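Shared chain: chain A. Partners: chain B in the first complex, chain C in the second.
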Partner chain A sequence: MNAIDGTVRQVKTDDTPPPSLLAIVLDTNPHAWAHLSSTLPLSSAIANLLVFINAHLASGNANEVAVIASHSRRAQWLYPTPKGPISHHPSSNGDANGDIEMNGVSHPNGSTTTTTPAKENANKYRPFSTVENAILSNLSNLLSSTTESDLASTPTTLIGGALSLALTHIAKSTLLHSPVDPLASDNPLSALADSESVARTQRIPLTSRILIISVSGDLANQYIPVMNSIFAAQRKRIPIDILKLAGDTVLLQQASDATGGVYMKPERPEGLLQYLMMAFLPDAVARRSLVMPSAGGVDFRAACFCHRKVVDIGYVCSVCLSIFCEPNLPGNLCLTCGSYLSLRAAQTATPALVARKKKKRKRVAGTDSATPSGTPAATTPMHP
Partner chain B sequence: MADSDYDFEEDASDDEYIGSKAASGRSSRASGAVGLGKRKTQEKEKGKATLAWERRGSEASIEYDLELDGDLDLGEESIRQSVQEKEEERKRKRLRKDTKPFQRGIIRHVVLVLDLSEAMLEKDMRPNRYITMIKYTQEYVREFFEQNPISQMSVLGMHDGLCIRVSELSGNPADHIAAIQGLRFPRNPKDIPKEPKGSPSLQNALELARATLYHTPSHGTREVIIVFGSLLSLDPGDIHQTIKACVRDRIRVSIIGMSARLRICQEIVSRTNAGDESEYVVATDQELLRELLLATTTPPVVRKDRSAASAESTAALMMMGFPSRVVQDVPTLCACHGVLTSGGYTCPRCAAKVCSLPVTCPSCQLTLLLSTHLARSYHHLFPLRNWAEVSWRRAREKGSVECVGCLAVFPKPPPEDPEAGARGGGGGDDEMAVDGPVGGGGKKQAPEDEEESEEQRASESSRYECRVCESHFCIDCDMFCHMVLHNCPGCLSHEPGAG
Partner chain C sequence: MVSVPAKFNKQDGMLKLVAEGARSVTWTPVSGSSPQVNVRIPEITNLQQTPATAAKASIRITAKDNYTFTFSSGNAREDQQLVTNTLRQWIEAAKASQSAGSPATPAANLDKGGGQSGAMAMARAIAGAAATTRSEEDTYDDAKLLKDVELQRSLLNSSPALRQRFDQALRDKPDTITIAQFATQFWGTRVHLLRSHAAEKAQGLGTYNVLSVVKPQHVDGSIKLNMTKEQIQLIFAQHPLVKRVYNENVPQIKEGEFWSRFFYSRLIKKLRGEKITDTDNLDPKLDKYLDFDDDDGQARQLTMPTVPRIIDIAGNEQNHSQKQGNRPDWTMQPNSYDKVPILRTLNRMSEKMMADVPPSDAHQHAPAGMDEETYKELQLRDLQRSEEDNRVVLKIKDQSQLFAAGQGLHTSSSAAAYAKRTPAEVLSTINHDMGKIMSARSKAGGVNLETVIGVEDDSSSEDEAKPRKVVRIGARSTRSAATSQIIKAIKQRHLHNDDHLAFHAAGSGEQAAKYGLSQELFDSLAMTHNTTVEFLHYFWSVYLSGDPDRAGEVGRLIETLDKSLDRIKAIADSAESERSAKIDLLMKENEAYAKRTGKRRRFDPTKVEGGAQAVNKMVGPLKRAIRSAKDQFEKSLHEAMAQTAALTSRTSEVVSNH
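Right, the complex of A and B next:
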């Protein structure tokens, strides 16, 4: 039957290692970094991160990096630099040296960190300094534009927005790297497609991953956006790695578990660089031959919507999927959507095995008294 | 210059089919403009096989349009531009139309009926309809459970006037995919692969589907989706009685036809969908077949009139178990397959161990799933609204330079031109007229909301604007955000009120 499709499609193989795109979401929540300032000040964390980014860029010619800050009230690009109308103030206090000290100034607001140097350091590999300068100047702009009212209004961070930005960026880069078959690559299904006649083609695609360096605790207000991001990453086969320097959230644990990423919560945050280099530098290909740190048991139980109590048997509204811990709702109305609910098991015990018998049709027709003529004899072949 | 864009596009579409036939032997002089050239020359030597590729939809036709247009002697830039617009338009048409916060039937019970009759041997899809259908339905099943993790499906097949059961009602996509695959490549080597033969019977199919759905709980939907390639139905009795019975059992039938519309299909669909015929669509080529199939993965809107008729059927409080994962050193038997496995999930009610979720506990019938499975349906309940096309005027006003999502640079707005504004609307109408032959494919009932009722079109400025946060996005991000991510990066990266 296959012979009808006479095309011979060749799969070109390329021996170069696939380019790897690393999207880093840096949680810059000022509250959390203030807590950490005694062990790991933001500035030295940034210095460590830059070393890690350089290592990533150095480990492959075509490797790319994207850095997004998940700040208290906005998520913003650190690298590449957006040119958009959301203009950033040109940096004024230039430091002569583009490098910053590993144990730099420990100011949580980072107001004294270095910014874009006026001239380039001739001894530095050019791509390194480009990335470094962009990140440093964008970050200092971000921090200096944070007002006190911003800080006062929320203790959390916009991780959902930052994740979404990372995913759209990765999706676009992936598209750009596989220009030959746009029809397949823009469709979420292509990865699942049966390869029978779909041309498996062309270039080695971009492998991407996301690393979230998280310091914030409660992310409950971001539940739906983060969940949506997790599913998108899962479908696009993008692992989400989590480096949890402080706080604890089940949400991010689930993110790494669902996408096959690494979850790590180091005991001593000051060893940041060590953790980054050892656990997060290997890309998806290398990880296959390494024993990666795993999160162990992941808490999958659900929290009820009424008391935030963790339950293992819950009652779910069939309309809005809210979870309740007990079936006795006031007036049998769903607390979330207000639908009238009748209690029953999600699945009635289906007598599926009965339906398998040859006489199933008669049984159905029997229950249906209003079908006088139609007892279709299913087992009799009907030829024209 | 700008004026000619739309007109010229319209012409191109009219001539599209002839063009693609005639062009097979021509040299591709304009192909460089789109970068499809390489692929084409590869395909070209293959003679007849090119036909199959040509049919693979607009990808092919775009290129050939180009050649036609080359004769018209238009500037290269405008060609590129209109090709791009056309491409974007094609993509946007695929956007699911589920952006309105309707109440949807999240818990679905679907019977997928496949036509295995001799009409499926037609070669208007490549290599033939049968193989195409088998291939796409496997994709479809996966996508279906991706979108509807707590739903159930069963697959039936129609041939020789019979309706056979391909797979039982279950929530496990692997079962269905294996069963569909098994039609062509039986797992038991003694079985002969099924080849399409005989005639289909819609009545038998509906009856068997009705029997399958008979015991499903009433808070879920009962849907029958028929892929119907023939132009006849060989029924043993009065199909109208069967339709009546289906209506009474609140089964909704969607039919994806091929090649032509049938009166009886129209009637079945309209009767079982409260007069709405939009669920009957005809796939004229394989790309469309795939798109139409995928369109049914979106949970159906719960109709108000129906809920009034049988109030108890709409909502229920379902008991569900959220099992915890166990890690075991010693393998133990699982309750679902009876094989030794180490690790799995234990039912919180009866402590039976199952291998994967979601599943109905084999011993106590409790539905077991993860809270993340529920979360996966949230985007149907809180959909991301479609983004609006951005006119040049608006683009100038907002001064957007690059896509908020991926930082891709947008084309610069052309210099201010008083005529430009007036032209935009007219051009759009022309395009509406062009997409005629689709035959209502994908056009759902007109929603009340004027803003959203518009066809999703390409934007002249290549920008798409989120109506909430007014961020501008490129077409790729538009597609990605609406089809995969279901988040607006713009809305999420600025808390309301923040600078």
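Right, the complex of A and C next:
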């Protein structure tokens, strides 16, 4: 065929591992970090994280990283620095960081702080220092803009929002990497179809993963957004790794289990770097050939939609799958979708353990025959 | 008897469902003593209720008159459900017994004229047909399925895995539980299997092209025909011509001879759609029927009464392109019969067979012939605009508005830990900490990561040994602690074989070896686990049934669970003896080695895996499940006892007062 029209067409297949995007969600809840300050201060954690990021960037030429701070009242980009709505002052200090704008972040309260840009260190690999500078200055801006009232209002962090940001970033990067459908790239003929005599490299899809470094508990009240993110990640085959430095574990353990990520709750948080390097550095491709550490028992319990309590036995709306902790809903209507929901039949009968005495008592006809299908589900006790 | 407050004609009163004697619905006003309304159940022709979303909960009973009752208690919606459910059951029962005797009342259930209230919607049509569909549903009724021993036996026979489980559980059941009770418990947790098996069994084989199946065989030089009565009937049904030939010839020719001649005649070749050649047998008696049409006058009307234009080949005649001077089209012409007889025969056979099968793609009670739906089907829809979306829109409310989504600082699980610092202190701690790294950065032009992470591999070990209050971040001890934790986790995953692919590849022998158990022991442990889970299922289903008649069963199931614990213990014991035997063997080998070489190998018996420890570790969750079942049982038993005691003492008081 090539001989006929004189063109040479070939598909180059790349043998190198596909580029890997690591999206890190860093829980910056000040309460928790202040509490941890004696064992693992935030600054050390950041430094360890930077080393880990450098290791990730160094292990592949095309590897990328994104860092999102999950703060107490909002989720904030640490790297790359968003360029959009943030106004920046024209300043004299040159464009030291390539195309990343990071000078002057306007604050909600009107004041503007300009961080002193770090001098370029000639001994540091430039991509490393770019990431380092962006993360450090964005983080210090974030912390200096945190007010006491922000902290007083919530004990936890907006993990749901940060997770969504990470997922949207991954989706965008995946598209940028392979504008054609990733499925089509499996078939070299589809690449031929629109090319004229250009040798084209087969596009290799980006492999992405999310690492959540979590220090906060009380995540159950974000059960719905986090669960939605988990399902999205599951669909996109994005593993969610969890490094749980502090706080209760209910929700995030499910996230790593459902998406096939790694879950670690360090016994010695001081060895943070070792945990990061050993358990979280391999990307999805490398993990196929490795045995990754296992979490053991996973707490699969869900949180009810009405009080965000973690429940052992819940009642589920048959229409929208909302979970409720008690069967007595106001007006028997589902709180989420408003469907009529008679949960009375799903209630388990009180166990009768003493045999009834023979009495001449007529049974009330059909008092509880509304739906005979409501079989009570027996539950096995959870891991402690 | 059900009795609920309800309004009738804007008067307050009580609506009663009388179960005694002739079942009926009565309504008595608050002011009166005798019922104003009294409807007997068989008289009811229709029952309607307001939908769950309506403001008022009411039902309308149609008998000779319309009666509309509005439930007036605080629990109106529940009352409505209760009354309609009970009434529905009664009405169906009445219909069923009625339809056995007299023909069902003509469908008087259609909601004519819309009624007086728009909110009234059809609750359920109680047509005469309902009785028949009901009885059909009844074969899948839980209680009936549980009683059907034949069905259960047949299901067990069809599923070896289930049979094995059944036998195992039957063997392990305590003597106090009768076989009948056991069977109820076993099948009680598997009604869905019974139901699907019943449905599977209810499906029969349809008709088939019988002429192609019956083949005469040569046995010892004579022709033998193996035909069943059903097959002959089927031949007659499918080929009216054969029936006619048979009728006209059989007394003259013997039955057996007729069939053997028929199966070698030209006639059967024609009926099968094969080509008749000159070498074929001549049979003057049968050959004269060759030109008769198989589908004689009494054949059912099989073809469509009207062929839609779009698939009507004969319709091409209308657009006679030849008249415009084109060559006759040779593709879409109706063919003559002789060209490909087999295709025609097969098509005709299929038509005949399908005529007996209820169409699965159409509504069963739809009008015959081409209806609106079929017409729409045949339209070229891709040329039309897309249809309107008819999905039901779910209105999801914003959850955060319903309840306070946020948690206060003081309700949090970490409240105690966070309370040590005020928000201001928190901020200053963090800022102070971050200040260090930021200032270092601006001085040195970037962070010196090497120093910040604190990894100093040349830090001497005596430095570590010094008692320190704070362990340095990144110190060697912390790093090795981290390593061992991760290695442990990796080993754990490897042991559990979480990878599904690997799991299927590895047999139970390999699994057992990982735990240091023999396969035999491992298998019996797995079996015990299975049956124990089975009994736990029974326990919870009986325990939660709330049926006082089964109270005795619960106690016996608890005994069974105790026995399960004994069984686990027995396995653990034999695992332990297995392990000590293994250790003995290794010791002896070591002795022999030492004698032979004069060197002693180091041997640590604690390194030998398996034994009771391995077993107990594996069944840990199971034991916990048993314990929790027992705990709950004992707790509720205690409460129930206390309650009965209180009750009896009260009754005796009442008695003494009299």
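Basically, the second predicted complex is superposed on the first by the 235 of 384 C-alpha atoms of A that agree within 3 Å, B and C clash if a C-alpha of one lies under 4 Å from a C-alpha of the other, contacts with A are read in each partner's own complex, and residues count from 1 in each chain.
To be clear about the criterion, a residue touches a chain if its C-beta (ideal position, glycine included) is under 8 Å from a C-beta of that chain, and two chains touch if they have at least 3 such contacts.
Remember, it's a predicted structure, so these values are computed and weren't measured experimentally.
S.K.: If you stack the two complexes on chain A, which partner ends up touching A:S342: first (chain B), second (chain C), both, or neither?
M.R.: Both chain B and chain C are touched by A:S342.
S.K.: Is A:I224 touching the first partner chain B, the second partner chain C, both, or neither of them?
M.R.: The answer is both, since A:I224 touches chain B and chain C.
S.K.: Identify the partner contact of A:N61: answer first if only chain B is touched, second if only chain C is, both if each is, neither if none is.
M.R.: The answer is neither, since A:N61 touches no partner chain.
S.K.: Of the partners chain B and chain C, which touch A:E270 in the superposed model: first, second, both, neither?
M.R.: second
S.K.: Would you check which partner chain A:T154 touches, where first means chain B only, second means chain C only, and both and neither mean what they say?
M.R.: Both partners, chain B and chain C.
S.K.: Mind working out whether A:L321 is in touch with chain B, chain C, both or neither, as first, second, both or neither?
M.R.: first
S.K.: State whether A:I313 touches chain B only (first), chain C only (second), both chains, or neither.
M.R.: The first partner, chain B, only.
S.K.: From the superposed pair, tell me which chain A residues show up as contacts to chain B and also as contacts to chain C.
M.R.: 153-154, 224, 296, 319-320, 332, 340, 342, 344, 348-352, 355-356, 364-365, 367, 370, 372, 375-376, 378, 380-381, 383
S.K.: Which stretch or stretches of chain A touch chain C in the complex?
M.R.: My answer: residues 30-35, 37-44, 46-48, 50-51, 54, 116, 118-121, 124, 129, 132-133, 136, 139-140, 143-144, 146, 148-149, 151-156, 216-218, 221, 224, 246-248, 264, 266-268, 270-275, 278-279, 291-296, 305-308, 319-320, 331-332, 335-338, 340, 342, 344, 348-356, 362, 364-367, 369-370, 372, 375-376, 378, 380-381, 383.
S.K.: Considering the complex alone, what residue numbers of chain A touch chain B?
M.R.: 1-2, 4-8, 73-77, 80, 82-85, 145, 147, 150, 153-154, 158, 160-162, 164-165, 167-169, 171-173, 175, 179-180, 182-183, 186, 188-189, 192-194, 196-197, 223-225, 227-232, 235-236, 254, 258, 296-303, 311-321, 323-324, 327, 329, 332, 334, 339-352, 355-356, 360-361, 363-365, 367-368, 370-384
S.K.: Could you list, by residue number, the parts of chain B that touch chain A in their complex?
M.R.: Contact set of chain B toward chain A: 35, 38-39, 43, 46, 48-49, 52-53, 56-57, 59, 91, 103, 106-107, 123, 126-128, 131, 135, 138-139, 142-143, 146, 150, 160-163, 165, 168-169, 184, 198-199, 201, 203-204, 207-208, 210-212, 214-217, 219-220, 234-238, 241-242, 244-245, 248, 294, 311-312, 314-325, 327, 348-349, 360, 365-367, 370-372, 374-379, 381-382, 398-409, 473-474, 476-477, 479-481, 483-489, 491-495, 497-499.
S.K.: Show me the residue ranges of chain C that touch chain A in the complex, using the header's touch definition.
M.R.: Answer in residue numbers: 1-2, 17, 19, 51-53, 77-78, 81-82, 85-86, 89, 142, 394-397, 399, 402-403, 405-409, 412-415, 417-418, 420-421, 423-427, 429-431, 433-434, 436-438, 441-442, 444-447, 449, 452-455, 470-475, 478-483, 485-486, 489-490, 492-494, 496, 498, 536-537, 540-541, 543-552, 554-555, 621, 624-625, 628, 633, 636-637, 640-641, 644.
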